[in-house]
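Below are two complexes that have chain A in common, paired first with chain B and then with chain C.
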Partner chain A sequence: MQAPPQSMEMPDMSNAIVAQDEMGRPFIIVKDQGSKERSHGIDAIKSHILAARQVSTILKTSLGPRGLDKILISPDGEINITNDGATILSQMELSNEIAKLLVELSKSQDNEIGDGTTGVVVLTGALLDQSLELIEKGIHPIKIANGFENACKIAVENLDKIADEVVIHEDLKDNLLPSSDLFKAAKTSLGSKIVSKSHDKFAKMAVECVLNVADLSRKDVDFELIKVEGKLGGSIDDSKLINGITIDKDFSHPQMPKSFEDLKIAILTCPFEPPKPKTKHKLEISTIEEFKNLQDYEQNKFTEMIAKVKESGANLVICQWGFDDEANHLLLSNDLPAVRWVGGSDLERIAMATNGRIVPRFEDLTPEKLGHAEKIREVVMGTTRERMLVIEGCENTKTVTCLIRGSNKMIVDESIRSLHDSLCVVRNLIKDNRIIYGGGAAEISCSLKISEEADKQKGIDQYAFRAFSQALDVIPMSLAENSGLDPIETLTTLKSQQVNEKNSNIGVDCLGNHQNDMKKLFVIETLIGKRQQLLLATQLTRMVLKINDVIISGKDQY
Partner chain B sequence: MSVNIFGDQVTEERAENARLSSFVGAIAVGDLVKTTLGPKGMDKLLQSTSTGESMVTNDGATILKSIPFDNPAAKVLVNIAKVQDDEVGDGTTSVTVLSAELLREAEKLVDKKIHPQTIIEGYRIASKAALKQLDSLAVDNSDDSEKFRQDLTNIAKTTLSSKILSQDKEYFAKLAVDAILRLKGSTNLDHIQIIKKVGGKLSDSFLDEGFILDKRFGVSQPKKITNAKILIANTSMDTDKVKIFGAKIKVDATSKLAQLEKAEKAKMKAKVEKIKKFGINVFVNRQLIYDWPEQLFSDANINSIEHADFDGVERLALVTGGEVVSTFDNPEKVKLGHCDLIEEVIIGEDVMTKFSGVAAGQACTIVLRGATDQLLDEAERSLHDALSVLSQTTKETRTVLGGGCSEMNMSKAVEQAAQNESGKKSLAVEAFARALRQLPTILCDNAGFDSSELVSKLRSSIYNGLTGSGLDLNSGDIQDMRELGIVESYKLKKAVVSSASEAAEVLLRVDNIIRAKPRTADRGH
Partner chain C sequence: MSFRGQTPTIVVLKEGTDTSQGRGQIISNINACVAIQDTLRATLGPFGSDILIVNNNKTTISNDGATILKLLDVVHPAAKILVDISRSQDSEVGDGTTSVALLAGEFLKESKQFIEEGMSPTIITKGFRKACELSCEKIKELQVELHNEDPVEFRELLRKCAKTAMSSKIIHKNSDFFTELVVDSVLTLDQDDLNEQLIGIKKVPGGSMTDTKFIKGVAFKKTFSYAGFEQQPKNFKNPKILNLNVELELKAEKDNAEVRIDKINDYQEIVDAEWKLILQKLQAIVDTGANIVLSKLPIGDLATQFFADRGIFCAGRVPQDDMNRVILAVGGSIQTTCSDITEHDLGTCEVFEEVQIGGERYNLFEGCPKTKTVSLILRGGADQVIEEVERSLHDAIMVVKRSIKNRFVVAGGGAIEMELSKILRTYSRTIPGKQQLIISAFAKALEIIPRQLCENAGLDGTELLNKLRSLHSKGEVWYGLDFEKESISNNFEKFIWEPSLVKINALQSATEAAILVLNVDETITNKANEEQPNAAAAAMAGRGRGIPR
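What follows is the complex of A and B.
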């Protein structure tokens, strides 16, 4: 055994914070102070606020229907063009801790609501910005946070008051008309995205998708049943909704029929290959008899497998694994078209859609376990060998697939994100059909309400209330700015209009419609979405304001 | 006080800077491929620094694919060109140039302080108007097969005229049309096999009605078979090993080993016997055939071809109408392939096997001859472009006129649309019309004519109602394109306009570029 080193390495005393005990001997409080960073007190809060402000200024230009996009270049040089707040933030490679908090914030908005991810970050930035001024006045951060909290309560109450309800028609077909509320809501959420080129199409697609899978009595929407698939090529207009399932595969043998009807599908998770027991084993052949037996066994196994499938009455085999050449040919000669290497999640969706069961062993295959659908066909795209299979008329009509086309990868990706957003909006409306009006109308109304309440408050809350109301003004102001309008002029006009006309539906006219009444333009947002935005933003502001000391330990030396 | 919120080496470009960098990148790419546009466009020599290989090409997508770009906007354009290549097969240069021109116009508008979203709105109105006009110009001749064939030949000629094959475009256009019409509406170009052989001149290339497989019969088998019955198989003809996992042979004496060997041989022999029962005289396998089974086949007067690859087998199955077989127990169920004559032919210096007088004539082979490898590669690319366009035209049968005619007509329609718009948008709509006019201008410039003169002539001619006028780049004046037979596919033109405006829109919307730290090769440090 080696002897331990005699002397410990002396700690680097030059940078350490050192105190002395009563005997005059030094002892170290913080080791390696030099490699650590520490900021505390007002300085820390200020730098946090600045960081948050920077993030929100980046996102601010993406707000609203006329917001602009960002190009994000990944470490591998891949480009991503988007104006979805959550996507931008998650790919920005932020190193600042506070900035990272904002990323989390937009993510949680995305998970809960699925839309309004940019708005929540901009609002937080504005709240922090306002609190900076108050801090400079010497107001304690916690008191500001408390004031914000109270103001937020009032704002949320106000939202409930001004909320309106949309009509969800009993007859599902009516909801697909361009005049229906759901349709218009989906359209609003797509307004700022690239797909606004084929606005109606995507809006219709979103509504149709959600209604197809929605359970209106339970007000529940299962997103698992909706698959959004992107495929390069064509234009956005070529995107379509398929009432069924697409599989990005082709038939295992080139000579199998390309399309046929009245499907009985065997969904298998066992390969058409010689059995491979999972336990480790060794099979030793030492005599000719054994060798021959083994051969027979091997061949019989294949015929047996096929016979089992045939027996069950299936006329289409979908398998998670591969096929042996011989098995493949046997399938062909037995008129059993088959698809191999279908991914697990696709397999599940097929099973769900066709009311079939996933069968893990050939022995378990029975007619009851087969899935049923009307038709399968192979679709060829473009000049390359891009093929996919479409299964239509599934027994469980609830599954839908949105096939998104676009001339390049970035457009396809962005369209998928946009469609997802509007799917979320429609889902939220089905869950809770209360809405508030967009275009900053709700923010202006809340801002007015809070500044009215401000004068009733005693003490520091008065300041916090005013700050909160000003922070809310940032949203309509940014909307106006992004639309090329004069922000201050627009805001003041809108405010006076709201007060004078006692109409809380007045918002920023982003698209130049010469109409400020958002109810008439039908620019709406979901109530839960907006409420969530306010609550999350206030919460995060409080969190940031509470931090007054940051110690970053030095990077590991290697 | 400023706080750095980004990670190490992350760079950010904002607002004007970001917009500038995407404009500059896109315009640079456009300028790069601009000179290859049109029948008088020039080629590019691409040399790889790592391998030293060189390539001469005039195909926009190929050029862009081979150049590594760092600029994000440039990458978007490359992507667009690639998609155009996949979807239509040609027009890759046009789509790149048009989007670059659209951005060049947009840059001017942004300088005039017009909001990018307003420009986008204008561009959308414009592209809608342009596509509508294009739609009304399109002619459909699919009912009249004679005329349709003429259309196809003209499209092929137009496509080929800007490529290396332009010298022999008549010949190759006929070749391509023949090949496509054999497909009978299928767009699967895999059924057209292109074989390149160095030597001879381009016009020595030919379309073979039959099918040529770059393989030979086994040793000492007859070189010629008439009235062939072919079994196409995908099976192992080497040792045919036991497939059961974990099986292993263990013997304790040499004699037993010999017995096993015999059993193995017997197994192979049994397989050959089974195959013999099919009553065939040619056996084509995707996998290897070992000497011994080959010898057995020879003894049974069956010619065998080994190691015909996936594509080869699949094509052969198509041409001869046979099935690809892997089990041999039920001869009566299997469809065999038939052809009148199989013989070995010599093309250039290589011996190949030619199947002629085939049952189903869907597939065919084009043999390209030419002086150098580069020439052959470029010829193949050009031919592929033409074939893709033609195959797409058999689906979308409408055609429009080339030679800058469609562009000028669209530009006219867009300008009219601009007059109906009020507000700033109309400036953007006009800009779109200008960008469209750039395409004929570039065609003229590349051909060495006075573009301002010619394009304004063309413009007045079209505005005067001669909607068929276009540029005749051989004589340098305005002619009726329909008479000259300069025809392009409607699908191609439509894809060019819609993709280019989509790309321009994507780039216009950008106001911020955030670049993550590039991944370095040596990880960890």
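What follows is the complex of A and C.
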């Protein structure tokens, strides 16, 4: 996009590779001028809008319960199938600067809310699309952005007004019933995903997970306490929730018992070997006797260590480091099952769950520092030799692990992402139990509200308001389109229904339930999620509209 | 003339040296500066647009003059002067970085015609100096002092100034929210010193801009932690805080030392000795009664678990500037040993907490007794958004700071420029000679600010400027552009205020820069060093060129 040459006597940097002075001598103003790409003015804005539109068109077909998936192939040939907006964008390797902004946008929606990552990009694309028309009418881009911002304020107010509250039962068990609101909400968020086959199972899993770790008084959920582990094999239906911790390791010796109860766990960060000084050292052995001494010393050390562990009363050793065969043998003969090479974060999680303490050396091992749990068992997956250890009935139950199974890696990965989305939805509801109805109902309601307000505005805001309301319509329209309905007919019917019945819960019936009232279908979205979508989309639109000059340094030549 | 009219070429300089001189040189320098000015002009004012610059795969979107010029990678010697004045304006007053480059460019543009007509640059510079002097005097005469007797009212006045500084930035629409933040931050600082470095700005992507948090105290990101960290308590009331510059890890005491062991039994002793060293340190720390231990150097897993067992929170590898701010806030001092720490060396605050902000965890120290420092945690939809918010806040913070120190303001929106322009025009008519032309050229150049503001907003510059001129000649000092009405109004009453220092500094540096460019009539560029024939060295040379100054 080269700006048209301007008829100025001044050297114009946009087309001047080298400017010339009066003497006809070329001079350079900016370093590497020749390799810099430059575009500015309305052309720049238009090309940005086109780039954004392309990105949002890619994502549009993934919106809603009938949205389709995309295959993404990474540079090393790894295949990924997903319909999660943030994942698609982050793997697309875009080179356009504006497209990159959209990627960050969906990423930040993902970080903050975890759901609605596709919607936010589609909405931004629609807003930019609408502003293109206004720019062509000759309206100043920043004035459009200002108008959008005012419209967004009204939309957010409207959301607050139409928001509903869901009930979170005091008794946690009640929330797990299929009739509870949390359960239904989790189910909605899974609607568009691959796991919809075992819908109820995943929804239940999500609710149970979050409620197990949630701190209801502080309305806070620490995701660190939820571990989602994927294992290949089996079907999605075999996925399950484990109330405890899984470690992707097996016992250090194959003859150790595979499961036993009433655990007292010694959590060690020192290896089972004679301690070495950290300072550089050298031991010279000159006689056979000394060599024997050394051997004895090592032997003694091993028995001493085992004795110390035994003394403390531990019956399971979890060690951050390895131990050699000698120690392994001794552990077995002393009836001390052990796990080696457990990573730091797993170690920490075990310590937290079992109320144990991490012990840095054998001398510090005391009965009080042991962790307690009811049961450990080794789980074998199918016929493969993949094993993992499960520690259950921990004293401090606030950790859960979701074990996801699936017939291939792509399904497992996608299921994990889907579960993450619904975990986020449940968490958001615990944080703020206000909801709005999905299926485009909220967008239609805001769109109606804004177009009503539009007539009250004076000046350019009137145009911006109308554009904003049209951009909001894109969401229900895409939903309808993806579900195989006639978008325009659906939208107009829904709009008139909302106005006539004064019911803001009317949305697109994506799944063919012959019911447009989303409240009855219980298709919900969180209020904070939707609000965030509107705010982020408006903010980014402003940023893109404000840019009218682009300078891209040339690719480095080396 | 023994050479029959022909002068032989006398080679004085090394071959390959580029020389340019004379009037042509001045004009080409002016052209270069004007080209830079052209790049910047679209970013001025509330309707100024942004520039997207991609440099080394890093995208920056900004409308801050200094930032853009820095990233443009200007090599032309004369054009570099513009970059430098904009940067000095940034460090001196923090705002008006675009205006200063615009003004300098415009002064040069006006003087170009005189140079072309053959006027000596010295005459022009003399006129510019005089005009600048007059303008600064006039600003000092016109400026209005802010009253700081009533703190509530003073606060309100400061907010007005901050708001004007923000008007052209991305945060314009949320300026009510941000002015509050900025004014609060600056007022919390030590009023005698006002070191803006003590306002810690942290960035967390995600969330909306208005989720930005203001913390009266210190906030820093969770540092790298070892296993056992999660078992430490994360919440304290009135904790004692110990700041260290000690590495707490089990390690070799001296890197190059070597121990020779003769007897097997010595082996264990050395191991024990090493353990004793670290445990002694840790015990000494626990004995001080501190609840929170911070260190600039790493705190290893052993220490982390040791502290976890004793209900102490620790964080290692705390960045230097965060550490400094913690000390300023909580008191105490950095300890370089673990022994002999007295009560006096420990700091304290009301509440310490680790909280989740977006996807990251932050350590917050609030309610500090010596709070002379604050932290802002910025949020926004994309990294570029947050960075631009940070730059905008920096400008606003600087403006508020200047307004507190030097409590004089003038009206913005082109009002003060129009008034100065009028005064200079009137003055120029009273003096004879070439100076008359030059001073009126200076006056004309000043109008670039309101004219560019109009152009960026898509308003009819000529019409509005004529209206302004006529009002100013009637003595309406504070009339300027009003973008809400798309017309003109009294900007002093509209509270579009800028610190007068910003204007004075901008005028002075722009004039200085213009004079500097006009006085240069020869450039001698030495040829760059010969590139090495082998490919690797050539690549290195290429790389060298790519690195900004």
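In the analysis below, the second predicted complex is superposed on the first by the 521 of 558 C-alpha atoms of A that agree within 3 Å, B and C clash if a C-alpha of one lies under 4 Å from a C-alpha of the other, contacts with A are read in each partner's own complex, and residues count from 1 in each chain.
Simple rule for what comes next: a contact is a pair of C-beta atoms (placed from the backbone, for glycine too) under 8 Å apart; a residue touches a chain by one contact, two chains touch by 3 or more.
For clarity, every value in this text was computed on a predicted model and none was experimentally measured.
Colleague: Quick check on the chain A-based superposition: chain B and chain C, clash or fit?
Modeller: Fit - chain B and chain C, as placed by superposing on chain A, sit side by side.
Colleague: Of the partners chain B and chain C, which touch A:Asn548 in the superposed model: first, second, both, neither?
Modeller: Only chain C is touched by A:Asn548; chain B is not.
Colleague: If you stack the two complexes on chain A, which partner ends up touching A:Glu136: first (chain B), second (chain C), both, or neither?
Modeller: neither
Colleague: Check the residue A:Glu261 against both partner chains and state whether it touches chain B (first), chain C (second), both, or neither.
Modeller: neither
Colleague: Is A:Glu501 contacted by the first partner chain B, the second partner chain C, both or neither?
Modeller: Neither partner.
Colleague: Quick one: is A:Asn96 in contact with chain B, with chain C, with both, or with neither? Answer first, second, both or neither.
Modeller: Touch status of A:Asn96: first partner only.
Colleague: Check the residue A:Glu284 against both partner chains and state whether it touches chain B (first), chain C (second), both, or neither.
Modeller: It touches chain B and chain C both.
Colleague: So, does A:Leu294 touch the first partner chain B, the second partner chain C, both, or neither?
Modeller: both
Colleague: Just chain B (first), just chain C (second), both, or neither: which does A:Ile71 touch?
Modeller: The answer is first: A:Ile71 touches chain B but not chain C.
Colleague: On the chain A superposition, what angle, as a multiple of 10 degrees, is formed at chain A by the C-alpha centres of chain B and chain C?
Modeller: 140
Colleague: Which value in Å is the smallest Cα separation between chain B and chain C when the structures are fitted on chain A?
Modeller: Nearest C-alpha atoms of the two chains are 9 Å apart.
Colleague: So which positions on chain A get touched by both chain B and chain C?
Modeller: On chain A, the residues that contact chain B in one structure and chain C in the other are 274-277, 280-284, 294, 297.
Colleague: In the complex, go through chain C and note every residue touching chain A.
Modeller: Of all residues in chain C, those touching chain A are 20, 24-25, 27-28, 31-32, 34-36, 38-39, 42-43, 46-47, 49-56, 59, 61, 63, 71-76, 79, 170, 173, 205-210, 226-231, 250-254, 256-262, 264-265, 267-268, 270-271, 273-275, 301-302, 305-306, 308-309, 356, 358-359, 380-385, 388, 457-458, 539, 542-543, 545-546, 548.
Colleague: Could you pull out which chain A residues touch chain C in their complex?
Modeller: 10-13, 16, 19, 21-23, 25, 27-32, 40, 44, 97, 100-101, 104-105, 107-109, 111-112, 140-143, 146, 149, 220, 222, 224, 269, 274-284, 290, 293-294, 297, 320, 344-345, 347-349, 351-352, 357-361, 532, 535-536, 539-540, 542-543, 546-553, 556-558
Colleague: State the interface residues of chain A toward chain B in the complex, per the touch definition above.
Modeller: 46-47, 50-51, 54-55, 58, 61, 66, 68-77, 79, 81, 83, 88, 91-96, 98-99, 194, 197, 232-237, 253-255, 273-277, 280-288, 291-292, 294-295, 297-298, 302, 324-326, 328-330, 332-333, 380-386, 406-411, 483-484, 512
Colleague: Residues of chain B touching chain A in their complex?
Modeller: Interface residues on chain B, with respect to chain A: 1-8, 10, 12, 14-15, 18, 22, 70, 72-73, 75-76, 79-80, 82-89, 115-118, 124, 187-190, 234-235, 242-252, 256, 259-260, 262-264, 267, 314, 317, 323-327, 330, 333-334, 388, 391-392, 423, 495, 498-499, 502-503, 505-506, 509-519.
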